[in-house]
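Structure record follows, encoded as C-alpha cells.
Naming follows writing order (A, B, C and D), and every chain is counted from residue 1.
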Amino acid sequence: MKKNFTQLSVKTASDLAFGKAPKPITCGFALRLGSGQVYPELNFTLPMMTLDKAHWAAVVSHYEEIGEMVRRASKRLHLPGLMIEFELLPPMTEHPEWGAEITSILQRHLRLAHEESGLSCALRVTPTDIRDVTRPPELRSGKAWDAVRQSFDSCAAAGADLLSIESVGGKEVCDEAMLYGDMEGVVFALGVLAPRDVEFLWNEIVAICSEHKIIPGGDSACGFANTAMQLASQGMLPEVFAAIVRAASAVRSLVAYECGAVGPSKDCAYEGPILKAITGTPISMEGKSASCAHFSPVGNVAAAMCDLWSNESVQNIRLLSGSAPEAFLELLAYDCRLFNKAIESGTEQTYQKLLVDSDIYESPQALVLSPDSTFRIASAIVKEPTHYRKTAAASREAVAIIRQAIDDGKLQLAERESHWLERIHSSLEALPQHEEDLVGAMSDQYGRLYTPRSYGL
Amino acid sequence: MKKNFTQLSVKTASDLAFGKAPKPITCGFALRLGSGQVYPELNFTLPMMTLDKAHWAAVVSHYEEIGEMVRRASKRLHLPGLMIEFELLPPMTEHPEWGAEITSILQRHLRLAHEESGLSCALRVTPTDIRDVTRPPELRSGKAWDAVRQSFDSCAAAGADLLSIESVGGKEVCDEAMLYGDMEGVVFALGVLAPRDVEFLWNEIVAICSEHKIIPGGDSACGFANTAMQLASQGMLPEVFAAIVRAASAVRSLVAYECGAVGPSKDCAYEGPILKAITGTPISMEGKSASCAHFSPVGNVAAAMCDLWSNESVQNIRLLSGSAPEAFLELLAYDCRLFNKAIESGTEQTYQKLLVDSDIYESPQALVLSPDSTFRIASAIVKEPTHYRKTAAASREAVAIIRQAIDDGKLQLAERESHWLERIHSSLEALPQHEEDLVGAMSDQYGRLYTPRSYGL
Amino acid sequence: MNELDELAQCLGQGQTKRVADLTQQLLDKGVGPQRILNEGLIAGMAVVGEKMRSGEMYLPEVLQAASGMQASLRLLKPYLVKEGAQPLGKILLGTVKGDMHDIGKNLVGIMLQGAGFEIVDLGLNVPPQKFIEAITDHTPAIVGLSAMLTTTMLNMKTTIDAIGAAGLRSQVKVIVGGAPVSQKFAEEIGADGYARDAVLAVDKVKQLLGVSAQG
Amino acid sequence: MNELDELAQCLGQGQTKRVADLTQQLLDKGVGPQRILNEGLIAGMAVVGEKMRSGEMYLPEVLQAASGMQASLRLLKPYLVKEGAQPLGKILLGTVKGDMHDIGKNLVGIMLQGAGFEIVDLGLNVPPQKFIEAITDHTPAIVGLSAMLTTTMLNMKTTIDAIGAAGLRSQVKVIVGGAPVSQKFAEEIGADGYARDAVLAVDKVKQLLGVSAQG
C-alpha cells in the first residue's frame, strides 16, 4: 500500500500556484482545500501559566475564549473559510484525555460557527511528539510512544477533522550534526534515520485516521529545518546551510504521503511546496504572518504556493486591539483576501511573482522556496530510488540553485557564506554511493546518540 | 501665508499610487518619501506600567531596548529605509523634558543605525494633545496648552525630525453628536469647530518647525473618524455613518497643510489619501498591519496610496519570536517589499487593484477609501470655498459614492444600514447654506460642551 | 396588546412622547408605579439591550429609547418615592487618574441607565480620593473603573487599594474595563468583574447584583 | 609573534593539532600553565567569541576552536592541578522540568566552555530536586536555567524557590534564558540575570562573576 512518487504532480513550475492543488481535499465542515481559494489557518497557544491538573480550569477557559473569539471574528471578517489548528502541549499528550477534552471544545465552537453563519471550517489536531523524552529516544515502544498513539486515537474520537505531527525521529543526530556543520551527518539523519521513523509513525496515524474516517494531514520537518533557520538567524549557522537543510528535509516529510497522508501539510513545514509539487496535495504555509512565533527570511515567498496561510503560534494574551490570536487572524484574513481576489481576477501569477521576487535574492533560504527552485528540487527527488539518495539529490540541487544565482549575479553572498557553500558542496560530492557505507561511518560518529532498533536498523 | 488648495495635485484617480507623491520630501537621515519607495513606519508604546518619576528608569530602558532592536532588525530585514514614530504619553507631554529625553534616545539610535549600516531613517515625534484635560477644553491658553507648545519645542530641540499631532479641537462636540447619530452636529464639529482649532495649532507648530529647521508632518482625525470606526466595529454605530465621518474628517486635517504642514500625514489618519490627492504630499497609512492596535474593515485598501506603512501602536511586550515591536516591524518590512517590488517591476497598478478590490465591497468604510472615491471626495472638497462647505460637500459625496455602489449592485447593505444612509442623506441635505445659521442652531444644542473663545468664535 | 406591553414596545421604537402619554394613562388607571417600571420600562429596555447585542439596534436608537425612559421616570418618580420603592441599584463610574478617555465609560453609563440603574458619573482623570468620597456620599452598589492606556491601568489597582484602605471595599463591588484590560488583569488587581464592552458590562453588573435579565 | 599569541591565533583558526603542539612546546620551555591558559587559550577564545558576535564566525568554527582548547587543556591540567590553580568558575546548566528543548542550553554551554568556564550539564526535563543535589555536589558559581515553553517557564520560578528553600540561594547566582523569557520575567521570578542569546549569556556570566572580557 505504500505509494511511490516517481513523477511530479505538475508539468511546469508555473503550474505551482497558491489556492490550487492538483488533488484538492474536503475536510471538517465543508472546507475544500486546493480548489481555488486560500483560507487562514489560525494557531494559538497558552500564555505563561502552569499546565497541570490544579490549573486545568484556567487552561480550559483559554480555549473556550479562543473558540468564542473565532466565532465572533469569522463573522466580522467575512471569512470564506477557516482551519484552526490545536497543537497539543507536552502534558496534553502525556495525558491523552486532556488533549481530547480541548479537541472537543474547539470542535464544538467550529460546529456552532458552521451552524450559526455557515462558516466552512475544520479542526487540525497535532499531538506533541514526546518520544524524545528519553535520550536516546525510544521511538517504537515505551510509555511515550504509547501516549502519542493514544493521543491520536483520543483526539480523533473527540472530533479532530485531521491529524498531523511534527515528528522527531533523527533529530537527536541532526541537532548535533548541524552544530558541527556536518552535512554528511545531516544527510544521514534526514535521509536514513528520519524516513524510517516517519514510515513507522505514519502507518500508525493513517490506520487511526481511516478507523475514525478523518484525514491524515501531514508531518513537518520543523525540528530539523526550522532549527537550522533559527540558528542561521542567530548567526550560528550559515544561511546556505539552512537553505540546503530545508531542501534535504522534504524527503522525510514526503514519506508520510507515501504512507497515505493526503495533506494539507503542516504550516511550519516550509518544505510544503516540494511536497505539493510531488504529491499534488494542498499545503499550509506561514511566513510574515508568523512573525508572532519566529522571525524568518522567507516572509513573502513562503506564500507563493499556499492553500492555507497560518500564523504558526501566538500566546492568548492581550494586545491593544484585543486578543493576540484575533489580531493575527485579522492579518491572515486580509492576506487571504489578496490571494483570493488575485485568483478571481486572473492576476495570481503577477501577485505570486511579487511574493517570490520580493524575497528570493535577499537570502538563499528564500531562493530555494521559489516555484522554480521547488520544481527543480522536487524533480531531483522523484528521479532517485531511495530516501537516502533522494535526500542527497535534493541537497545537491539546492547547492546548484544557489550557485547558479550567484553566477548569474543575482544573489550576493558574503564571502563566509560562499566558503561554506563550497564546503557543503564537497561534503555532498563525497557522500558514499551506498547507504550501508554511510550507516557504518555514521554509527561510529553518532552511534551514542541513537538506538538502531528505533529505526529498524 | 495660508495656502488655499483649489485644485487637486493629480489629474485622475489612477495617478494616486503607493510610494509616489507629487511633492516628495526628504527628512532625517536622508529618508526620501513619496519618490518611488514605501517604507515602514514603526510605532510602539509602553507595556503595562506606571509612568512617573519613580519608574522613569524602567521607562527609559524600554525605549533603549526598542532603539537597539531597531538597529539590529533593520539590518536583519535589509530595510531600505525606516520611519519611527514616538508618540508621547500624556505625562510625557505634561513634563516636556520627559518627552525630550526619550526623543533624544531614539534619535541617537537612528543616528547609529545610519552610521553603522547606512540606513535612511527619520524620527517622527507626536506630543499628546492634552488640552482636553478640562471639560470644556481650554484650547488656546492655560497650563495644558503651554505644556503642549513647550513639548513641541523641546522635542524639536532634542532631535525630532518631524512633528505631528492628533489634535482634539471639536472632539468634545463630535463625540456626543456621534452617540446620538446626529450628522448635523458632526458637520458642525468637523467643519466649523475643528478647522478653527487646527489652524490655530498648526500656525504654532509650523513656526516651531521652521525655527528648528525640521518638518511639520501632519495631523490626524483619529479622535473623530477612528472613534466612529471603533463604534461601528462594536455595533454601536452604522458602518455608513463611520464611512461618512471619515470623508468629512479630511477637511479639518487639510487645514494643517493650508498652514504649512508638508506631510507625511499621521499613520492613523485614514483620511490621508484625500490629503494626498489635494496637497500632493506623502502620507503614512496603516491597515491590517495595525491589527495589534485596533481592528478595522479597511486592512488592505488602506495601503493603496501609502508612502509609509505603519503598525499604529504595539506594547513593548514579549511574543514567542521576540518583542512585539520587532514582530510588527518584520510584517511591515515584508509588506513594503511587495510595494517596492511592484513599483520596480511596473505592476503597481495590478497590486493596488488587488488591495482595493479585495476590501471595498465588504464595507462602506473600505469603499470610501478607494482611489476612485478618494478622487471624488477630494474633488468635492477643493470646489467649495469654506471649511464648513468643504466638509458638507465631502460628506455628501461619500453618501453619493455609497448609494451608487448599492445601485450598481456591488455593495450589499443590511436594511438597517440603508435606512441610516437615507437618514444621513436627509440631514446633509437639510444643512443650512450659511455657516452662521448652523453655529446658531448648534450652540443651542451643544453649547454646554465647548467654549466659543477656544475657537475664536 | 395590554398597555404595559405597548409601553415597552413604544419605548423600543423611540416614541418618547407616546411613552410619556402611556405612562400617564397607566397611572391614571391606578396601575402601580413599580409595575409600570418593571413590566413597561425595564422590560422594554431589556428588549432594546437584546437588540443592541444582536446588532439590530444602534446606539442612537438606544439613546432615543433611554430618553423615553427618562420622560416616563419623571412622571413615575413622585409615586415611586411615595411607595418607598428602591431603585435597581446605584452605580458609580469614573475613568481613573491620568486617563482622559471617557467615551467607553459614557457608553457603559448609558447602557446601565437603560437597564434601570442609577448612575453617578465622576468623569475622567478621577483620583482615588474622589472615588472614596463618592462612595461615602452615594453608597453605590458597584463602582466601575475605566482605563484606556497601559500606563494608567495600574491606577485601577491603586484605586481599588485605596478603597480598601479607606475600609469601604466590602461595601461595593468593583468592575473594570477598557482597551488594555483583561479578565486576568481584573483578577490580579482584585476587581470583582470585567466586561469587554458596554453591553457585557450590563450583564456583569446584573450578575454581580443577582438581578435577572428582566430586572 | 610570540608563541602565546600564535597559540591564540591557531585556536581561532581551528588548528587543533597545532594548538596541542604549541601547548607542549610552551610547557617544555617552562612557561607557566596559568599563563598559557590565560594569555593563550582564553585570550584566543575571547577573539573567537567576538567574531561570533560580530557575525564573522559560525558555531561549527567556534566548536572547532573549542575542541582545540580541550586538547590543550588536557595537556595543561596536570600542571594546573599541581599549581592549585582555580578554574574560571563552574556553571550548572539544565532545562527545567517539563521542557524537552536543549539546543539553546547546549549552545550556552559550548560558548561558556570556550570562555574558560567549567560546565556541568544536567540535561533536559530537570526537576528542582536534581538542581539542588547538583548544587550541593558541584558547588557551581552560577546556575543557568532554560525553558522554551510558556507552560514551563514558571518552573524556573519553582526551581529558584526550591533552591531558596534548600538554603542554597545565597551560594549561587541564577541566570535564565529561552524563547518566552524576558528581562522583566527574570526579575519577577528572582533570577540574577537574563540573556537573549548564547553570546550574551557569556557576557552576563562574566558580569555576574566580575570577570573581565579577557578572562
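The rule is short, and it goes like this: a contact is a pair of C-beta atoms (placed from the backbone, for glycine too) under 8 Å apart; a residue touches a chain by one contact, two chains touch by 3 or more.
A quick note: this is a predicted structure, and the numbers were derived from the prediction, not measured.
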item	value
Common touching chains of chain D and chain C	A, B
Furthest chain, CA centroid comparison against chain C	D
Cα-centroid distance, chain A relative to chain B, in whole angstrom	40
Length of the line joining the C-alpha centres of chain A and chain D, rounded to whole Å	34
Whole-Å gap between the CA centroids of chain B and chain D	51
For chain B, residues contacting two or more additional chains	45, 315, 320-321
Shared-contact residues (touching 2 or more other chains) in chain C	150, 180, 185
Category of the chain touch graph - line, ring, star, complete, other	other
Touch relationships between chains, expressed as pairs	A-B, A-C, A-D, B-C, B-D
List of chain B residues in touch with chain C within their complex	45-51, 89-91, 130, 132-133, 135, 175, 179-182, 227, 231, 234-238, 315, 416, 420
Residue ranges of chain B touching chain D (in the complex, touch as defined)	318, 320-321
Interfacial residue positions of chain C with respect to chain A in the complex	150, 179-182, 184-185
Contacting residues of chain D [partner chain A, same complex]	52, 55-56, 58-61, 63, 98, 100, 103, 106-107, 110, 123-125, 149-151, 153-155, 180, 185, 197-198
For the chain B and chain A complex, residues of the former touching the latter	45, 76, 78, 233, 287-295, 299-300, 313-315, 317, 319-322, 324, 326-328, 330-331, 333-335, 337-338, 340-342, 345, 347, 350-351, 353-355, 357-359, 362
